[in-house]
Each structure stands twice: as C-alpha cells, then as structure tokens.
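First subunit A sits with subunit B, and in the next complex the same chain sits with subunit C.
Take a look at the complex of A and B:
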C-alpha cells in the first residue's frame, strides 16, 4: 500500500517539481549567469565579464535619472504604507463591524481590483484630462496649462493618487476576512472590560490582524523594486517619470529579440535583488520583534 | 453615562468612516458612470460637453467592435486580428492559465498536506522561502528559457510557464487539505479506493469551492493582464492587449476620440464585471492569508 502511495506521490509531483526546476531555479540561475555575460551575437561568442555589474552599479549610484527612479519607487512604497495601510485597516474594520452599507462598500472597494489596469487607467486618464479640467474651468474658473497627467509638475502626484485610490481591494478583503476569524468571545470580553469603538480596534482587532498585516508589509518590500506604478499603462514606454519596476520592464521589452542586450538588464536585476533580499529579512525581523503580540 | 459616551464615540467614528467611504464610492462609481455616458456620445457632443449625459445617443460600440483590429506581423506574414478573435484569445489565455495554475497548486498542496513524506515539508518550505525572497529583473532570463523551449508565440506555452505551485494559494489549499477529516480517507481506503480514486472522488470534490474561488481570481488576473501577452504572445493579442494597443498603437481616424476609447474600455471590461457580479460572494468570502474561513 505504501509502495503504491509512494508511486502516486511521485507521479503527482513530477510536473510541479519539473516546472519549479525549469522556471524558478533554471530561470533565476540563468539570470545570474546572464548578469556576468558578454554576448557577441555577430560572432556567436559568449564571454564572462564583471563589466555589466560595474556599469549597472555606476549608473545606479551616479546617474541622477536613476536616483530619481529609485526615489520615485521609495515615495510610492512609502505613500502606500502611510495612506494605504491605515485606511485599508479602517475600511476593513468598518466592514467587519457591519456598519451601514458595509456589504456594498466591500464590493465597491474590491471593484478596481477586478478591472483591467489598462482600462482603469484609460478611463481615469481621460476623465482627469477632460471632464475634471472642464468642471474646474466651468464651475471654479480654474485653468491649468496642461492636464494633470500631462503637466510635469502634477503628473507624478496624479499617478500616485490613482495607485492609492485603486489599491485597497485585496488588502481590505484579506484584513476583513482575518478580522472575521476573531473569536467573538474575545470581543465580548473586551467590551465588558470597556473596550468599545476605537479602543476595540486598537487593543483587540489590530493586534489580532497583525500577522496578516506583517505578511503584507514584508512581502510588500519587493514592490519597491517591481511596482511600475501603472506607468506603462499611462504612458507606454515613453514615460518621463520612472520607477525601478517600470525601468526594468521597459528595458526588457526594448531588449527583446536582441540577446546581446539581456546581460545589462539581468545585471540591474541582480543588483536590485541583492538589496531587496536583506531588506525584506530586516523588515521581517523588526516587525516580528517589535510588533504587537496576538496574546 | 460611561456607556452613553462609548456609544457616542463609536457613532462618531462610524459616521466619519461612512462619509469617507461614501465619498470614495461616489468618486469610483461616478468615474465609471462618466465612462459609460461618454461611450454613447458623438465626438462633437463630447467636445462641447465632456460631462453629464449625451445629447443624442451614438452607438459607438458597433463601430468599435466592427472596425477595431490589430495588425500583426508574424513569420513574415501580415494579418489583422479583430475583436472577436481577441476575445477568443483572452478566453483561451485566461481560462487555460487559471485552470492549470489552480489545479497544479491545489493538487500539489493536497499531496503535501496529506502524504507525510519528508519531501512534502521540503516543498512547503520552498513555497514559503520563494514568497519571502524577492527576485527582481529575471524576465529577460525567462524569455530566453521560454524561447529555447519553444514556448513563445503559443497560448499553451504561457499555460506551461504559469502552471506552478508557488504562491499564497498553495498555503490556502495546504491548510484546507490539512483540515479535512481523516475519516473520509480512511473510509474510502476500507472500501478499496486507491490514491487516484481518493484524489478524484473525495479530495477534489471537498476542495471544489476553494478551487472555484482561486480559479476565478486567477481567471480575472489573466484576463486583465496585457504585459505578459505583449511579450510572449504578440501574435495572439488578447482583449486587454487590444485595449493597450487601442490607446497607444492605433492610427485609424474612424476610431479616434474619447467616446471611442470609452466604448472600447467598456467592451473589455463587460465579461469581467459579469463574472464578478455572478461570483462576488465566492470571491470575497473564501480566502484569508494562510488559511480558509
């Protein structure tokens, strides 16, 4: 019986293990090798070099445009923490308490998550550039030289606003579902001890939701390096503002079909991964050490 | 008195939150309604009045559906892909991707949870480690590997690339499979069922609701994705890819103007909204991080 179960077990796991070996281990190992390669497609010769890493490192540390790209990524992540998480938790608490229209708000908050980004961006872009401009001019007498998304002074703010405005869905859903799993007896006991309203949220619900929050926080670190802030949907490959994620995607797309350009992109990826990995572990460690306890 | 104060305090928070959420909902729904109204306007009507209802309803949907197509150059052959074919490509890409990814994740998690071999723990650890360790900028490498394996330019190639067991949903399936009562499996074994029968006739039916939920979420994600099709299957444009092309690559005058863009956007989004409205209770209710309600 055990032998037959083992046979079944092996057969079932052949595909997942093979897929993992090729598309995770193989792809990442190849990406690592690429970062050190110089591919001469003309003579079909590949040599190993540190130049890609050196060049990428120099550009990251000295190029003002790259400095701005990194700053944009950090601002985007910071704002999502400062605005998105507190509001997301409060929205989730509202829904969890089943206050007026909670069910409708739950659906509405999740709605942007199910819409294709390219569609949401298109609608938002033309709304801001046409209807909002029209309303401001007609009813408030305010004119802007360019639309909010075209004006260099306002476009980053307008793109950030869109990201925060449409970014509540999944986190609110997960927080609410976690809050719903809190034992009602704990809340009852809290009420008897005088913890109602905001006290209940702060002293009971928040600590018990904290494990879910920490997962979002430390797995969210990678978004500093991968989030495109929907820039590709707003401006295609012609955006004047960049994030690291956008820069990597556009570089990949430009390199596609020209293998000799792959190593440069892989070198950026390797350097950013070297920053992202320890950063994630530091944040995880700090959150676990200094965060509130479920007990 | 104290009780009264607490109730008063709670109601203040409630009303502040209600106002914020109502403002959010009005803004969101308002923008969507604006898009729908605009999609029924003529270009002249829109230029004169970019807000509120159209003066005369224009059926832009018919024009967009019939006239919109993407020019594709593949294997030295030039051809056009219309909206119907884009829908078909989207269905194939999203349905296949969601099905294979969900089933591989589900079955791998079930096997790891129910079969206490040492390798099960290894796979469980791999999932957790890959979730924590971020890898950045490996898309060029993935393209190289996919090209070497002949997976690019085929929709089935994207299914293979995405049919993995990693990610949050592995943990959800794992916890659920672990929580299933052993009596189901013991009874089946006593009745002579082998491992395949137990998987197909007991485990998968018990996991059915969760499979459907995860598959729906994956389906929506694949339907909405245009960047992966843009890279791997530019010869098989999906409807979201079509919307991207509509925004940035289109050159014909017949489809110019914001009302046409809005009509195209609504056409892209209708199937997803329909799926969401039919299944929103399943989508919104079944998942928690690291477990199932």
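Take a look at the complex of A and C:
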C-alpha cells in the first residue's frame, strides 16, 4: 500500500507530467522525426531522407529574405535587452520602493499580460491606425498616407514598441517579488553606510536580483527563435516583416494541414534548435561566471 | 473602501477576459436556433462552415428533408429526423476531424481530399453518388460533375471508382459593379465613339448604343462593359473625371482579394485547358515567354511540353504577364481606389459597407467592388441596415449590382471564353465515424437534386460547383446581383475551372497549388506581387514576372518531390 503522502504526490503530479510527456516530449519527438521524412500522400507512403535538412540549410544560409528575417529577430531581441530589461528593473525598483502611484504602474504594466493578446493588439491597432492619425491630423495638421502599422516605413517600429510595452508585465512582477524578498536589514545597513537612491539600486538591489535577471537573460535567448512579435495578430499570414518565430508559424499555417509539406518546416525548426540550445548554455555559463554574486 | 475599489477593478478586468475571448469567435457557433437532440427522432448532426454563404440555405435544406421524412420510421422505432447544425466560422483540422464522433455530415472549404481519405476520415459515398437519385429519378449525382471533378473525387480502388466527398459551393473573385450608377453616369462604352476625348467613348443621351463588350457579341448581358484592359483603364479615368471613385477593396485583406483577382485574370486569359496545365502538369504550353528590358512580353519560339519535372516553366505563361500589368496599373493609380485600400483595419465587410453606403449618399459614390461571388450574402446586414435607415430602395432586391465579366488583355482576345476560377475547394462528406451513414448519404442525395441546388442559389444568390441550370422563371426570382451571377455562369461562353488534379505532385503539395500567394510567389520574402506593387512604386512587372519564374524553379524540387 502506497503511503498517503506518496499517493497525494502522484495525484498532484500526474496531470502536469502527462501534459509534459504529450505536449513537449511527444510533439518535439514527432517534429524531430518529421524533419527527416518524405510523406507521399498520393501513394500513402512515408520514407526517410536528409533532403529536408539540406534544403532548409541552403535556404537559411543563402536566401536574402531569410537573412532579413534573422536580422529582425536579432533586432527585436537586442531592443528588448537594451530597453526592456533596464526599464523593467527600474519600474520594478520604483514599485518596490512604493513611490507615488507605484500600485497603478504595477496594474498598468501588468494589464497587457492579463488581457488576451488579441485584445491588446486590436486596441493598439485601432489606436495607432485610426485614433493617432486623427489626433495628428486634427491637432497638428499632419496627414499621413497610411497608419503607422500599415506604412512600410513605420510598421516595424510600431510593432517593436508594442512588443516592448506589453513585455514588461511578467518581468516587472518577478523582479518586484525578488526585490521584496531582500532582507530590510540589508537595506537599512546600506543606508547607514550612505547607500541610498541609485547607489542602493546599483550596489544592493541589483546584485540581489541578479539570479532572477540571469534567468530572464538566458531564457530570453530562445525568444530570438520563437518570438513572433505578435505579427500574426497584426497582419495574419501576410506580414512583410518576418521574424524566425513568425516564419516558422506561418510556414506551418500555410501548409494548410497538408502533412506532406510539414517536413520542410520541421527541418527549419531543427536547424534553429541546433543553434539555440548551445547558445543558451553558453550565455548561462557566461552570466553565472562573470555576473555579480549575491554574497 | 480602498479594498472594495481594488476588488471592483479586479472584477471588471476579470470579467473583460471572457468577454474578449468571446469576441474572437467572429460570430461563434450557431446551432440553428438552439436545436437539441430529440430522443424520439433520428438525430443527425451537420457541421457547416458558416462563411460568406451563411447557413440559411442549410436550414432550408434540413427543414425540407425533415418534412419529407416526418413519418419515416428508423431503427429503434424513431420517427422522423431531427437535425442539429453547427454553423461556425471555423474550419476543421484533420486532428479535430479525427476526434469528431458527433457530426455526421460536413460542409467545409479547403479540404485535403487524399490526406483525409488516407486517414480514413471519410465514409464511402460511392453508392449515393453513382446510383439513381431517389429524389430525382433518372439522374445521378455523378452526372452533375465535370470531368475534372470526376477525375479528382473519383478514386480508383481495385479497378472501381470510389467517391468519398462531393463538391459543394463555388467561389470566384472578381469585380462587382453598381449598374444603377453606371446607367446614371453613362459608364457604358458607346458602340460608336463621338470623338477622341475620354467622355466621347461613353454613351450619352444622344449616343445610347452600347459597345459589344468582352464577348464581342451585341445584344448580350455584357454590352457596354470594358472589353479590354485599355478600355477598363479608360473607364476608371472617366469615373475619376466624374469625381467618383472607381474601386473599393479591403485594406486588411487586400493581398488575398487582389491576388485572387489576379489569378482570375490569368485564368481568363489562358482559358481552361492552358490554365489547367498548372495542375495536371501534363500537356503542351504554347504561350510561354520572357520579358525584355523594354517590359514587353516576348513569346518563346516553340511550345514546351509540360511534365511534373518542369512544371515551374508555366510561370512564364503570357496570361501571368498581362494580368500582372493590369494589377500594377490599378494598384498604382492613386485616385482609382479608396483611401484605406492598404490600411490594416479596413476589413472586407467595411469595403462592402462602403460600396453600398456610397450609393445611399453616405460617402463619395464608388463604382466597383473587388470581392468574392458571395459578397451580397455576406453583406446582408448592411443591406438590412440601409433598408431600415434610408429606405426600401436600398434592399438587395431593389438595388442593382452585378458581376462584371473580366476585360480581355487585348483586342485579339475579345470573344474568347469567360473563365471563372473556383478557388474554394468546398466539399461535403460524411464522417466515417457516423452511426447514421445511411441517412446521411440519403441526405446528401437530397441535397444534390436540381431542386435543392436551385434552392441554394435562390437563398445565397450564388452557385454550387455542380452542373445545373436555372430556368428564366427561377432566375427572375433572384436579386439583380444573383441574376447577373447566374446569367454569367450559364452563358454559353463561360467556363469554370476547378483547380485540382489527380497526380502525385498536386496531391502531395496541394497547398502549394491552392494557396494563391504560394502559387504566385515571386520572391522568398513574405511579399506577394500585389504587395510589392503597393509598397514599391518603382517595382516593375518585369522584376515580378522574372521573380515568379526564378522562385518557382528554386522551390520546384520541394513541390515535385
């Protein structure tokens, strides 16, 4: 007879473990196999081939459009790194210090994470395309031929702004929680030693938040390969701007369920995974080796 | 107090989430007025893709069948049939179909026939298709299929032909014009122009005889309509001259609408046989060519035999070049279209509303709409709103819109067949897991009698992808738009392309043939031809035409694997 505590443990874990087994291990294993398959629907035969990998590799390395796609993904990651993380930390510090309207900021920054993304996108889209255009025309006398999201010259910026703005929610919440776990006596001691304001943030709060920050930094690497920048929500499958994540998603969607076309997409995914995995481990290693210590 | 306010705010936010989720459904699921299972009757579940054609036609069909069988006794002593429809704007994936044990009958678009058949998702419909239809003695459903449809849907298994699905409705993209506005402003070409000015080319009070139109024959429904691309450009210029707007189209889906128009223009140029080469990959192409540096199409010296190995050569068809020129022109001319033509918030429904409301004086009058053949049914709410707010003269029945035969590329093509390109690949089939297969197949037979097909047309003012004709009396009961659509479809010189074929290349890479963007992809970037013309005014037809060939050739190995 199993102990009651073990029974409870199994009951609690069985569902998430099953989910993980089916939707992570199962799905990824299937994708791995697909990358090497040639599915012939006409004759109802599946064979194995390395052609999918060769074709995908050739396209990734030679196609200018793919170069642009990779560049967009890197720009998006770089911007979120340069803007999102410092600003996220500062917002979190502001909230942590309970300075004026800190609670409101917390709600405003977290709101996009609570709302379904399609709602946030729709509100933003209509604001930028219609309301902003109206304001510019009515109050500043400026006419724009197209809204900021439709105009080829401004749409990437408009999409990036939305991604950064809506990306604060989780990180701010996590940073604030980590900051709240800092022993008040440490801060008090810092104050007595003259560390207040920026010094407190730089010398006490940041090093103590660093473990949380590193998790965001190295898990963020994968977003280079998965982030869609909400492009599908804005433009459906017809966005001129592409990121790697969007490219993979749209390629799958455009196959329209035609399983014969899936192996080519799976091959791209496998190649990008081969880059993402070592890169993530390298960044993790470097951050842990060279970053400040909590001690 | 502070806590109460916080709780209230949280409540409002939490409440907004399910509301927002619900709003994403775009109409959601409608089961036909809350139909529920009736244990005393045989319950049949029907899944219907409730897109532009709606679900009224299905309700009428189900009501008719239920009435006919109200006293029929089924297994288990059940008397009569009770239908439970699922009318939804969501297409069903293979995975969802595999798990579906509820629905007996499906009416869907864009099905992957061979893949689903291989997966055992379809019930065998052969008996219903090939045997005498009990609801229409002396005919079979098979007799209503074209040779292409029979070749595609009829699968040879052990020397016998088996059917697992049937064509459903037809969908064509094209140009819809406001006949009343054309008549009011004299936008019809005159048989005898009175001078060289733009206005002289059109009819007037003193010069009322219309030109022969694209079919080249006088006294037909297309008289006075632009016969060539050049005449079409003149028409647009004349509309602008009259301070009106030639076109309105959706900004949000402009690529989809314009690329589909492009494909129809190509089909209209190439004709059925040459266009079908793109799918059968078996035959001789005699109008391939290249574009010289002056931007002129230069035909090849000899014809090319097309096979699955060199199918990409068809990217050089003349029709693809001339239609591209047409698209570039209408996209590039600033005054020929609505201001939101490329704005991502202006939907196809907005475009329909703008078109209709412009005639009601609520915006600058707009002469033409680029949309699908189902547009009028889709715009039912706008018609109804206008009828209520402005007057009965704006109802479907009292307005006068019509399907425009596409102009020909040049004068030498006048009189060639009009070609409609049915791109929807809509089909109906019976779920292999259905426990009511016999009745479901019987219903399919009932749904495909001439009477039922005509009812569909009367309900939607569109046509189904089967061979049937309406009598003059039946046509008279349609809306003016419906009349024009049916008249056009039934005209002797109108041919329809059903773009599918039974060969390994097509079947294995169906999406690469049916997805209009992939089929006409000219660059590896996610940018269609029309988007290139919209965003890069310096781009040339030569660039895109050459790109079409280069790109298709580069990916052909993956398509014809």
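Before moving on, here are some points about what is shown:
Rule of thumb we're sticking to: the second predicted complex is superposed on the first by the 271 of 295 C-alpha atoms of A that agree within 3 Å, B and C clash if a C-alpha of one lies under 4 Å from a C-alpha of the other, contacts with A are read in each partner's own complex, and residues count from 1 in each chain.
Everything that follows uses one rule, which is that a contact is a pair of C-beta atoms (placed from the backbone, for glycine too) under 8 Å apart; a residue touches a chain by one contact, two chains touch by 3 or more.
What you see is a predicted model, and the numbers here were worked out from it, not measured in a lab.
After superposition onto subunit A, the modelled positions of subunit B and subunit C overlap sterically. In the superposition on chain A, A:225 makes contact with subunit B only, while subunit C stays out of contact range.
Of the two partner chains placed by the overlay, subunit B and subunit C both lie in contact with A:114.
Taking subunit A as the reference, the larger set of touched residues comes from B, when subunit B and subunit C are compared. In the superposition on chain A, A:146 contacts subunit C only, with no contact to subunit B.
Legend: residue contacts after superposition of the two complexes on their common chain; A:171 is shown touching neither subunit B nor subunit C.
In the superposition on chain A, contact of A:196 is made with subunit B only, not with subunit C. Of the two partner chains placed by the overlay, subunit B and subunit C both lie in contact with A:126.
Once the two complexes are laid over each other on the shared chain, residue contacts for A:73 go to neither subunit B nor subunit C. When the shared chain is aligned, subunit C comes close enough to touch A:42, but subunit B does not.
With both structures placed on the common chain, the touch criterion links A:65 to subunit C but leaves subunit B unconnected.
Of the stretches 73-81, 91-99, 181-189 or 199-207 listed for subunit B, only 73-81 runs into subunit C once the two complexes are overlaid on chain A. In the superposition on chain A, the residues of subunit A contacting both subunit B and subunit C are 107, 111, 114-116, 118-119, 126, 130, 255-256, 259.
Across the complex, subunit A is touched by residues 9, 13, 16-17, 20-21, 23-24, 93-94, 110, 112, 114-115, 118, 251, 255-256, 342-345, 503-504, 507-512, 514-515, 517-518, 523-528, 531, 535, 557-558, 561 of subunit C. Only residues 38-44, 51, 55, 59, 63-66, 68, 107, 111, 114-116, 118-119, 125-126, 129-130, 146-147, 149-150, 152, 234-235, 237-240, 242, 247, 250, 254-261, 264 of subunit A touch subunit C when the two sit together in their complex. Remark: subunit A residues 4-6, 8-9, 12-13, 15-17, 19-20, 22-24, 26-28, 30-31, 34, 87, 90-91, 94, 97, 99-101, 104-112, 114-119, 122-124, 126-127, 130-131, 133-135, 165, 173-174, 177-178, 180-181, 194, 196-198, 211-212, 215-216, 218-219, 221-222, 225-226, 232-233, 236, 244, 248-249, 252-253, 255-256, 259, 262, 265-266, 268-270, 272-273, 276-277, 280-281, 284 touch subunit B in the complex.
Of all the residues in subunit B, the ones that touch subunit A in their complex are 2, 6-7, 9-10, 13-14, 17-18, 20-22, 24-25, 27-29, 31-32, 34-35, 38, 46, 50-51, 104, 107-108, 111, 115, 117, 119, 123, 126, 130-145, 149, 160-161, 163-166, 194-196, 199, 220, 223-227, 230-231, 240, 243-244, 247-248, 258, 261-262, 265, 268-269, 272-273, 276, 280, 283-285, 287-291, 293.
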